[in-house]
């Protein structure tokens, strides 16, 4: 799984039922030190995430389909949890309640 | 899923029925800030995309096969939607109607 | 499989039984020379790993599900072993007992 | 799928029938602008490609197995087509007949 | 498949039968020009490879399981062949017998 920040949303109609009424989140993957890293990901939202949230995402279709409980869905990336805390070396480096 | 820009087309005959009559799009993956990132992708088109379009692409065979409704197809990458808008921090940073 | 360092923990509720009571470890992937490399990974722990440990991780859902013995689980990344030694060119370059 | 250049061949015996009599091609993946990018790939050849050819490659086992028509084969990467033309912004940027 | 150099070994107990009595090799993936590239991989050895060997590796669980002939094994990466020669532009750039 990866750590990412939700930085916005993408509007792009996809003609498949599994995308119906899905908000598409624009994710910025993060390095361990919190800096941005690499190309953007676009994810469906399974965790009521919002812009500015730091999130846990899964970027693999078979894993996402297990989460959706659907055997067939052309969805590779999903936000599966909103991060409350990140602790590094016994120090809180990210605290969602302090944003 | 990833965010990419369609920058051109590739002509390369592939001897498999799933490639018959398929236009192959050349994609430039994007970072969250819209800058190019990493190696090129070549995708089949499931969204009537054209050169210059910003698109949503899936880069995983099992996801693409779910989209095609085919259990077997040697296709890993597909454009699944043309992006209308990208919004970052409540600001429209990409608007297809303004191109 | 990849070599990584456990640098902390992530608290992020995921609504799926396979995440119940799972500690989520924050991993820093390593280059062959031990330097950090690329984006962070978040993993479930199958090896009683702790912060500061160098670990062996698997970043693929089908492999992780084989490890868990579950056919369905939206889990892509797991720590599968704690590293005792790394030897490069007949020289010990990492020794867990010497930390 | 990815765009790559065949830069050579690799001789490495693999003890599995799916590798018997297979030439292994050394590929240099390309960025959208044609510059090299990232680590080398080694591929089996399904398109009679030669050194110097620009090719379309698939880097995923399930896709390659669909191409081979074999349910089981420890082959992840295959060249599936030789590129005739690449067109970017209505301009031919690569033409195999002009090499 | 990828081209890599075996630079050492990793000792890390994994509690799963498919890892029993397996030596774990530390791999340095290579760019097409032979320079190191990216994060380290740890692989099981299916080719009697040793430190200093240039090898062909597969980094995908389904491919590796086909190689092992096991339907279930939490193993993503395997060395499948030891490289004898690499030829680039009709010139031998790597020759195992000359090491």
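Order of writing sets the chain letters: A, B, C, D and E. Residues in each chain are counted from 1.
One rule holds for everything that comes next: a contact is a pair of C-beta atoms (placed from the backbone, for glycine too) under 8 Å apart; a residue touches a chain by one contact, two chains touch by 3 or more.
Just so we're clear, the structure is a prediction, and the values are computed from it rather than from any experiment.
Participant: Along touching chains only, what is the step distance from chain C to chain D?
Facilitator: 2
Participant: Find the geometric centre of each of chain B and chain D from their Cα atoms only, then give the gap between the two centres in Å, rounded to an integer.
Facilitator: 20
Participant: Centroid of chain B to centroid of chain C, CA atoms only: how many Å?
Facilitator: For chain B versus chain C, the centre distance works out to 32 Å.
Participant: For chain D, which residues are shared contacts with two or more other chains?
Facilitator: In chain D, residues 38, 60, 62 touch at least two other chains, as defined above.
Participant: From chain B, heading first to chain D, list each chain in turn around the ring.
Facilitator: B, D, E, C, A
Participant: Which residues, counting only chain C, touch chain A once they are in their complex?
Facilitator: The touching residues are 7-16, 19, 24, 26-28, 36, 38-43, 51, 60-62, 72-77.
Participant: Chain A touches which residues of chain B in the complex?
Facilitator: So the residues of chain B touching chain A come out as 1-3, 29-32, 37-38, 46-47, 55-56, 58-60, 62-64, 66-67, 80-90, 93.
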